[in-house]
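Mind looking over this structure? Questions follow.
A, B, C, D, E and F are the chain letters, set down in written order, and residue numbers restart from 1 in every chain.
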Amino acid sequence: MTPTRAVLDATERLLDLAIDEDLGPVGDVTSAATLDEKTRGEGTIVAKQKEGLVVCGLFAAERTFARLAPNVRFERLADDGDRLAKGKVAAKVAGPAREILGAERIALNFLQHLSGVATLTAKFVDAAAGKAIVLDTRKTTPGWRALEKFAVACGGAKNHRFGLFDGILIKDNHVEAAGGVKKAIERARRNAPNFLKIEVEVGSLEQLDEALDAAPEMILLDNFDVAGLKACVARVRKSGKKVLLEASGGVTLASIAEIAATGVDFVSSGSLTHSAPAADLSLELELAKK
Amino acid sequence: MTPTRAVLDATERLLDLAIDEDLGPVGDVTSAATLDEKTRGEGTIVAKQKEGLVVCGLFAAERTFARLAPNVRFERLADDGDRLAKGKVAAKVAGPAREILGAERIALNFLQHLSGVATLTAKFVDAAAGKAIVLDTRKTTPGWRALEKFAVACGGAKNHRFGLFDGILIKDNHVEAAGGVKKAIERARRNAPNFLKIEVEVGSLEQLDEALDAAPEMILLDNFDVAGLKACVARVRKSGKKVLLEASGGVTLASIAEIAATGVDFVSSGSLTHSAPAADLSLELELAKK
Amino acid sequence: MTPTRAVLDATERLLDLAIDEDLGPVGDVTSAATLDEKTRGEGTIVAKQKEGLVVCGLFAAERTFARLAPNVRFERLADDGDRLAKGKVAAKVAGPAREILGAERIALNFLQHLSGVATLTAKFVDAAAGKAIVLDTRKTTPGWRALEKFAVACGGAKNHRFGLFDGILIKDNHVEAAGGVKKAIERARRNAPNFLKIEVEVGSLEQLDEALDAAPEMILLDNFDVAGLKACVARVRKSGKKVLLEASGGVTLASIAEIAATGVDFVSSGSLTHSAPAADLSLELELAKK
Amino acid sequence: MTPTRAVLDATERLLDLAIDEDLGPVGDVTSAATLDEKTRGEGTIVAKQKEGLVVCGLFAAERTFARLAPNVRFERLADDGDRLAKGKVAAKVAGPAREILGAERIALNFLQHLSGVATLTAKFVDAAAGKAIVLDTRKTTPGWRALEKFAVACGGAKNHRFGLFDGILIKDNHVEAAGGVKKAIERARRNAPNFLKIEVEVGSLEQLDEALDAAPEMILLDNFDVAGLKACVARVRKSGKKVLLEASGGVTLASIAEIAATGVDFVSSGSLTHSAPAADLSLELELAKK
Amino acid sequence: MTPTRAVLDATERLLDLAIDEDLGPVGDVTSAATLDEKTRGEGTIVAKQKEGLVVCGLFAAERTFARLAPNVRFERLADDGDRLAKGKVAAKVAGPAREILGAERIALNFLQHLSGVATLTAKFVDAAAGKAIVLDTRKTTPGWRALEKFAVACGGAKNHRFGLFDGILIKDNHVEAAGGVKKAIERARRNAPNFLKIEVEVGSLEQLDEALDAAPEMILLDNFDVAGLKACVARVRKSGKKVLLEASGGVTLASIAEIAATGVDFVSSGSLTHSAPAADLSLELELAKK
Amino acid sequence: MTPTRAVLDATERLLDLAIDEDLGPVGDVTSAATLDEKTRGEGTIVAKQKEGLVVCGLFAAERTFARLAPNVRFERLADDGDRLAKGKVAAKVAGPAREILGAERIALNFLQHLSGVATLTAKFVDAAAGKAIVLDTRKTTPGWRALEKFAVACGGAKNHRFGLFDGILIKDNHVEAAGGVKKAIERARRNAPNFLKIEVEVGSLEQLDEALDAAPEMILLDNFDVAGLKACVARVRKSGKKVLLEASGGVTLASIAEIAATGVDFVSSGSLTHSAPAADLSLELELAKK
């Protein structure tokens, strides 16, 4: 997949921070002290994880080298979103060894986190087995939303709204403040920007009925168990209303298959982005013979 | 624990990004459409995790509310680094409901990630049982190093060098380029800033001997198994040299007790920062009766 | 009306530019040379326009004084969105005369432009006479979108999508590229974010029929004359489809009444934001007797 | 005309804002959903205004495409300051259609505003018929001063001082604070930077006499009617003093010819920059056959 | 003297850099390790220079403490521009010792440099003995112009133009390019902004004659010896032309008296700003008894 | 010598400020008014100082031309750190004369200051005659630390710690707060980052003894006279402890030879960076014949 301009812009802003924190106002003192300026090296970025991984973050690794290692050539051998078996090479670098070593850690930190998100997402998608679409949430690492949502897409899931500004999601507090599900939906329809659809969160069959009555475009079924979800799906079908259903709450790799099979359209989980362990990739460097 | 100015500065920079990505140029359209400007609420930030957690990130949550919810009062009931049992309240907020809801997700995203790091770290420290000091690494989320290292400290471990600039860590490539462990140490001693100690990575007993000969302040034992670590410790003791030993590679919650018991001074693990699952905290909000 | 945080943030960024360009690296040399540091003044910001105006930009004037004239007290006597007859005072300032004079021009430049937009919008809204809702467009002054859209709201019209990111508007080129109106809508429905509604631009009755078939949420009737608009409205009613209609192209103060009366839901015009003449407001300053 | 580095720098800063507000953190969702990445197009930017226009802002359009559409070739067919008859092509663009559509609106917004200013200025200059030089003012859109002053120059007028820092303009409040026209001029001469000439605003023949006595380099005749201006010119000629005269206040397209003919050296008007309607230019795009 | 807003703004920008370079992403590790958070101290900033000094930079020291030591009270006992004898206290600080020590060096670095400039300037002004006005130049430390020019003013000299934008100074290359002194002046008068006076540099009596003929407001006599300066002054007096004369080149503390006595109006020297040795001030800190 | 990325980054940040302050929002009005856009020139940057100089800052001059004079070719004829006799050419520039003149002063301001620091440092190093290593301090011009420390290295001295973050330097206040030299060292060893060595400042032989007892890596002998320094050296030798000694306080060109000969390892002086007079370099420009 190709990251959008918005993803690339967010990457530059994170790189500003990453370079400041890793190089500081002084730089890589070890490499400056122990390596000749002219020593060259060739490196490969390799997937090390036994069970393979979905690689994501090559775009960021490339920019890290472009900014910190301007004399290093970065060559991609895979695309963001590709599945790589253990031992597969994702990219090659070649150039001054000092520059490669000064950029290595930041590039890997991007790759390991984003590939971690993409790989975990792919597991959720595989488990859902096409019965429901997997969605992400706004539970992302602050500063990383565009990148993590891109990693989710690389893993085969679909992105939910990006932020508070591009979708109406009416939650329990909004419902309470407005005086009920129906009143909240009506207020949103009247006051919110024309272009945004409305989703409303419900926690009981009563609220579901009230919601169906007000005809939002989507309904979020929050923290229902599998039986509850099935009941909701049945109720909606019976109503004949055209509305999309999203299940959320307690979605894990263990439970997603069953949840996806209840008939909901979407299953969403914050763990895709907030609890993905780093994927295992490393840079293996050979110094040139002199 | 109190975060340093450096941690707070990094927080502001992440908040710049977080606010842009979550609010965009438009803002929280749902709350603006469904809540009266005057509706007030009182909320508690509560630990929800069965086994409890080490809270970290209250400093960031406080700044999130300060910037996005200027009319909301934020009151801490715990300090960063405190262990909180399930159900314990970490902080309270009170003020306009629109402002609370607009800041909630970013504040929680900070808290959940940093408490996740602190909580996982505490588990490693508990497992090491005081036999070795647990250290973090540079394998941090780009942009988050100061915050994640603070979370590691909240969890009871110690910070390794911050970046490439405040410590000499001679790795395999540096050794190869310099023509051996000893030559690399000598080059570093001659060329690097006076104030920085030298650590050298070794992968075999032969390299360990060579390193001992050159008298670095620390030696990193990379990817030895437990037997290998014990052999290294014995060899160092026998040499009578005064040097600190760090074990790294393959350190997990399952293995750390045994590794720490080999006699090394430090055990370091990247997973503290790159693979900690989010801790479970949530904001529970009550709207004021009108 | 109260500007959102997004409007206020955009204001600060424009103020950064405005201060740099008006004060430069040297400052207000005339006031520094001719006024004593201690001379104080009291000023009123007054509507001077014969036919009155809708004031907008007081929020920006207040911030201008806060940043450039920290010792000046700024007191509002009107709210953004109020109609002010000629001679009415919108705000008062009191403090060191040097500071007032150094901030005056920037504050007025904000007020005159935004009040110009709000006042022109109010004329369009009055002319539409409630028969259709007046909408703005993305034809705004670069850097000023949030402020100008707020001014449009102050003038009584409604905001269309904010940018390219929070609404799907399929135009002629998208239609052509996708191979027709219907295919374009289907592609958008499949690929675009879930939360965004779809509007499609049509230029003929044939395209309108094709669009109705694909059931977008809104249809933009582009550059139809009044008769054409009426024909479109009739066709939609006859179809029984539920879709909102927007008329655009050639909308002027002279033509809007007739267009609004055709039965469309919305009438949009770029001139609200790109061609509003400045409103006439001035700051009248009295120096304190010594 | 060629914009200076200062104009180009200001353009980049406005583009930062413009891109943020139009693309947000998500981007052009419509084009991403409906256009293939590979679809190419060729477009022309065309003058559409019946009476022709003075084009200005091609430098900004070029930078907009350079930043948002890096794979699009932008070719100028006119220079900033050229008069273009209806139908004339100002520039061509060719490249990926997605990139062209994502940059189009911002580029046009720059062009339409700046060409509007240049075109209105040209009308004022034509009406002044060479009898007086037309000047702009500091009544510019905040953030846009360098660009609008460049547009004024493209329209054939001359720029007055840029900001508060590069000219001494003594107004009524300065006069009052200093204790009279003469004292104010003397204070300015003593205290202000050596390199700046002094202009003083007068509102009556008495003040004019006092000003002549103190020998400023320029005198601003504020809000005199045509008869008053003629009297001022006569008085100055009679005095034999060498001073430049500027008329301001109530200058319109209808009145400027008469005012310019009174014998003053300069006529200045804020409306050049704060009330110019947008010029009509559009981008006409042809998609490539596949 | 009170610094203008422009000086204060430049100070903040330098502080951004100064804080980054001195504290880095880690902070003051020595104080954090050896001082309790609660230890308090009281310090005085004292002039230590045998011959006294003109203090300048208190405004910057105050801002340094405000930003780095928010809990420290900073109290001024002198104003920028005051002459302080050895042992005199310029300011007091009181608060947490950690904060004081973390801000000390940056504050002193500002004070020592700016007081150095002010003190050296005062020596030049004293030596000129009122016979000519001492001027600075654009030979300032990059980033420091506003601050150094303020220090020059504190030392009793006057500021020349601030930058390339607020004065016309025609040098040898401009003269050559325009085809002679007179042509260059005429071109400047025709093309440059109205409000700026013209100074022309001449290197011989022939050029001086040509310049007098074209009537610039000022003439820069470049690198004349004392006899040459006297000849220039005589020639100008004889011409009866009203023009200000500036001598520059080879101006030292040893030579300025003689140069000032030649009858020129101004003597300018780059060494005021580019070669002033640091003044000797230090912070003497007492820790509170516990 | 080649500047590190950190030096280059700091240079860009200073250039941002330098360009703003010298060009302002208007630019070089003299060159714009008197030179044709097409006039070309060729210039040489020449060492003018009788006794020669150590050139430093060519990297900054090159960047100044790159940013302000994009059509000018900059060719180096010397490297930073080279000794240049009077009359030697450091670099050549060729291109549009307007661009050369607009960049000249900033480029020279960088070169003159940094070459001044490098040249003064070389004098100190020559005087120390290899008997001790010359060190710089943190007494640098705010914003300039990386550049001035690079100039010090060009002059042949060694850099001390960069900031407060990359070395432990225990001064009198830390000692007092911790309750003595020994306690302070122990606290630092326990609390400070592992990688940083410890230096402690002592002011008497008693403190020296206490320090030796606690075995820091370095000891700073503060403000001892030559006899005192000799006594300290003798005491350390007698103790048999391995510790590096640094002398500071009252180090001048006159005194350094004697101080370096006392047997200390390092001599440090703030005057290298805070009191170096500007070196004399100038740009000599020839305009092309037309």
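Operating definition for what follows: contacts are C-beta pairs under 8 Å (C-beta built on N, C-alpha and C of every residue); 3 or more make two chains touch, one makes a residue touch a chain.
Source: prediction; values computed, not measured.
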Chain labels contacting chain B and also chain C: A, D, E, F
Based on CA centres, what chain would you say lies at the far end from chain F? C
When contacts are scored as defined above, which chain pair ends up with more C-beta pairs, A-D or A-B? A-B
Quick one: how far do you have to rotate chain B to sit on chain E, C-alpha fit, nearest 5 degrees? 120
Where chain A and chain C are represented by their mean Cα positions, the distance between them in whole Å: 35
How many Å are there between the centre of chain A and the centre of chain E, using C-alpha atoms for each centre? 54
Among all residues of chain B, those touching at least two other chains are 10, 21, 23-27, 32, 102, 145-146, 162-163, 165-166, 168, 193, 196
Looking at the complex, which residues from chain A come into contact with chain E? 20-21, 24-26
Using the touch rule from the top, collect the residues of chain C that touch chain A in their complex. 158-162, 165-168, 193-197, 199, 218, 244
Contact footprint of chain A on chain D as seen in their complex: 23-27, 32, 37, 68, 102
Where on chain D does chain C make contact in their complex? 10, 13-15, 17-18, 21-36, 39, 41, 97, 101-102, 105-106, 108-110, 112-113, 116, 138-146, 162-166, 168-171, 173-174, 176-178, 184, 187-188, 190-193, 196, 270-271, 274-275, 277-278, 285, 287
Residue numbers on chain A that touch chain D, as the complex places them: 2, 4-6, 10, 145-146, 162-163, 165-166
